[in-house]
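Shared between the two complexes below is subunit A, which has subunit B as its partner in the first and subunit C in the second.
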Partner chain A sequence: MNLNTLLIQSVAILGGLGLAVGVMLIVASRKFKVETNPLVDEIMSILPGANCGACGYAGCSDFAQRVVDDDAPIDGCPVGGFDVAKQIGGLMGQELTEGEREYPFVLCNGGVNCIDRFEYVGMEDCKAVMMLSDGEKGCNFGCMGRGTCVRACPFGAISIGEDKLPHINKNICTSCGLCISACPNGILVFAKESERVYIKCRSHDKGKDVKAACTVGCIACKICEKNCPVQAITVTDFLAEIDQSKCTACGICVEKCPQHTIELRGVP
Partner chain B sequence: MESKRLSKLPEKVIIPLKQHKGIPCIPMVKKGDPVIIGQKIGDSKDNNGSSVHSSVCGEVLSIEMAPHPDGNKVLSVIIKTIESDQTVEFIPTKDPSANDLIELIRSSGIVEHYGVPTQCVLRPDCKTINTVLINATSSEWFGGKFSTPEEYGTQMLEALKLLMKAAGASKGAIVLRSDDAESIAAFSGLRFEGKQLEVAPLIGSRRIGYYFKDQGSDIVVVSQKRIYGKRILNFFTYNVTGKKVPVGCTPADVGVAICSVKSAKALYDAVHQGKPYYETVISLEGLENCPAQVLVRIGTPFKDVIEACGGYPSESGKLIANGMRTGVAQYTDEVPVTKTTTRISFQKPEDISRDEAIACIHCAACVDVCPVELLPNKIAVLADQGRFDECRQAHIENCIECGNCAIVCPSKIHILQLIRYAKDAIEMVYEDLPQKESSNLKLGCACGGE
Partner chain C sequence: MADTSLFTIFMEGVFIKNFLLIQFLGLCSFVGVTKDVKSAAGMSGAVVFVMTMSSTASYLLYTYLLVPLKMEFLSLISFIVVIAALVQLVEFVVRKNIPSLYRSLGIYLPLISTNCAVLGAVLLNVRSDYGFAQSVLFGFAAGLGYTIVMLMMSAIRERSTLVNIPSAIKGLPQAFLIALMLSMAFVNYFWVIPI
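Moving on to the complex of A and B:
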């Protein structure tokens, strides 16, 4: 057998095999075709595709499937926000009105202003610190600054600053809320940009105990309550609370607060 | 052998209303009320609760949140003491029935050193107990209010019979430590129910079942190597009885109840003297010129115990409730001795480790020392990355939390802390399994076989 025939034979055999398998594949794909809803694919192409799981489902494709099955709300993707929800709404035939974008906000001003009860040596994680004597901070409600929220953020929007408090980069943040559920102490909450005055403390301890632990905590002195011209602030259970629907962001409470606990955000 | 009482009465005592796992007691006294020794100051309606009694005579200063040796703050009754030995009338119980005993344990506030009320150990819900073990393998629980070794031996055996009666168990055993010659001498040769007792060693496959048959008795005294750890119950059950406890279950699932010397002695006193559980023996470690064991009233602050036992060494160190390896370091010495305190340890400054953890060098020293044949290095990495499903596949629940792995680690990785962290996270999943489906929630209870 010379080289030529050998070459022709092998090419013919391989080519034939390829053709046969190709035909089989075409037949199989026709016969065993899985019916998918074209809507799912369309929604998939709209979704951000980060597979972060912030919606509560296994990933973007799972979410898309559930939107089509009416299991998930059309605005269930916090990463995509209003734009994505509107497009999905268009596909699903539902109308959506835009709400204001909310970002996580740190309800603690402690950090370096809060004393440490003891020296901690161990794993760098807020939950692990919490398991030991409720954390090393003198205040049981404060931020421990060990960065569980930083690691929970799939987008890298949070960093721990020099004041040992988390800082949220609003340009990167997608409002997915994973940091809020990760925080073992509930320091992070969603806050609207238009709600400008916030009390940066969650401590329900008595004023004396707060003063012993932290220089910037709410001591429930009620000065803000007395000075507020629109009665938007009430002190309940040793902590001031702001009724955002009444607040006019006049800034009087911010000036009067002896502990500088109240913050006025977005000052021009 | 008899433990000394503290020479000085503390100025005030702090009695936590929660000295067991479960719901805290409801205070039965008010600010300003006078109290006497043995008076019930906290009670719980719950079946799994345990009463709390005053250990001193005095006046209630306040009822407030006070530090607890476990770390958190707990609602406590603070009593200003006065020098007096006035007690409530102690009424001994004669020929108690099983239900009387259970009620007596509850109202006397007897709690195991691992935090479970004794009546829950003896009468768990929907489970029957057929074997009661008294774990006497840790020397710090050995000392007690006994004047002679014979008294120790006979009282322990009597207490074991009471525990068996309360649980409705047919068999019972006292487990000693094989190198604890003092206790072995106390039991061997003792005549009990007309029979000469022999301390039998647990070797190889000879576990207590063998000795029940061999000695033709329902009560045996055995000895084994010391097992150290925070969660030894399942491992201890397997070692002593040969019964394997499934993952996620307790010894009660295989019909075994484990009590300690402390609770056995407390029950004996409750029945024969009518005394509630208000005093306990703790051991001291790391202090100069201090007795090895001391009898203290529950609620005595650590500060007063240390002052009465020779005071602090000159340089400052680290104060630890319970053992050096698995105990909780304290940030204040105003914490009280509770029913779950077995030891106060004091670490010298040169012994305190402050090393930062560095990367694992895969030396496998932790694998060599693990008493339950786990791979601590692997589990630590998985726990650090939050891969708790895989931790479970690596049998993290079998860990007895002895801390050997963290001690031998040359990279000073906080392996025990990582393991506890992962265990806690897994337990949280059991507690509030959300309705939403998630890829990370595949954990189910393995009781009844997986």
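Moving on to the complex of A and C:
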């Protein structure tokens, strides 16, 4: 076989192969064509693609379809947050103003610091524990620590720590809010990163009852209220509350609280 | 045709000639898509599928077109063409008929069409002189080995986001260090076990 025939043959084979494959692909693309709105694909490419369902629709592609067809809100994706909403708004011709990123926050300091009224044996789920005379914990407002929020999180951002309380990994958390709606006792709330002082208790029991059940609950002693230089804290119905618009995160209440219920987050 | 038993080929594909940790093929996806288990699983599923399919197609192409014409030197370039076309075709079909599968595999399928691991499996088939069943099995086993390592790597990386890691090696360097340890374990472990 001389060089010329070899050359011609290789070109013919590769060319023929390319041609055959090309024709096949053209036919296939005609035959299997799927009509879609290009806007849906563009929105899909912006969305995070986690398919978590936090928007209330069946996955990201369904959400994208609904945004285009059925007037689903452009900021309906809590995972993507403001960036994604702004880009979708750009595509859909809608404007959006910025809000700050919020993360779930645990409104209970109890865990191992809270006494058990009885020994619970049964299904390891907060809702099941709740059904049995409001749970084993001495405090009706506290965290059960059975990890219903852990299982609700599609991203694996929550874990139950040594202290029997849920811990949220902010690097993984997408602020979808599924854990908040899953918690049967309302322990988890959304909190902004800039709101740094939080009262990690939501017990409205009298101080004496709280003290009997939990070493770290709010006993409504009003020390924080008296010491706050900007009057941001008020104790109502046996529970201290912080007015976040007044709070300067000076940390005085955190130091003064005899129960160590108040937490100063994100200390630099 | 090589007279290697199917079991040996299977174990070779999965462990001894593991594509990621021993042959170092397909490393872009090994580092790129292992940030969480879910996408690693999606990618691995697509790789298993494409490797099996392309092993089948390229065996037919090689044996019935290139060998009779004595054009074996064209195998590399023609395999690339066939694999890319095959992936594209599969994408069309899946998109039309199984939209849910397309949505979960969708972004990974085009990534694979030029993945060196797929081409590597096909070329190793040819080099080892495997028969039809052997080729298909090796493609499948190689995909399975890829899956195992991808799942291990992504699980480790997912867990390690919870740990305090020195900021100097956070991210990719850390991934490479994990890969190093995994690779050492694989090489040494399967070196000493004769199959």
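Before moving on, here are some points about what is shown:
As a convention for this text, the second predicted complex is superposed on the first by the 231 of 268 C-alpha atoms of A that agree within 3 Å, B and C clash if a C-alpha of one lies under 4 Å from a C-alpha of the other, contacts with A are read in each partner's own complex, and residues count from 1 in each chain.
We adopt the following convention: a residue touches a chain if its C-beta (ideal position, glycine included) is under 8 Å from a C-beta of that chain, and two chains touch if they have at least 3 such contacts.
As the structure is a prediction and not an experimental result, all values here were calculated from the model.
Set side by side, subunit B and subunit C differ in how many residues of subunit A they touch, and the one touching more is C. When the two complexes are overlaid on their common chain A, residue A:125 makes contact with subunit B while staying clear of subunit C. Residue contacts after overlaying the shared chain place A:171 against subunit C, while subunit B stays out of touching range.
Contact with neither subunit B nor subunit C is seen for A:19 once the two complexes are overlaid on the shared chain. Contacts of A:133 after superposition: subunit B is touched, whereas subunit C is not reached. The intersection of subunit A residues touching subunit B with those touching subunit C, taken from the two complexes, is empty. By the touch rule above, subunit C contacts subunit A in their complex via residues 36, 65-66, 69-71, 74, 77-78, 81-82, 85, 88-89, 92-93, 95-97, 99, 103, 107, 158, 161-162. Interface of subunit B with subunit A (complex): residues 70-73, 328-329, 331, 353-357, 384, 414, 417-418, 420-421, 424-425, 436-439. Residue ranges of subunit A in contact with subunit B, taken from their complex: 53, 56-58, 117-119, 121-123, 125, 127-128, 131-134, 140.
Those residues of subunit A that touch subunit C in the shared complex are 1, 9-10, 13-14, 17-18, 21, 24-25, 28-29, 31-34, 49, 51, 59, 61, 155-156, 159, 169, 171-172.
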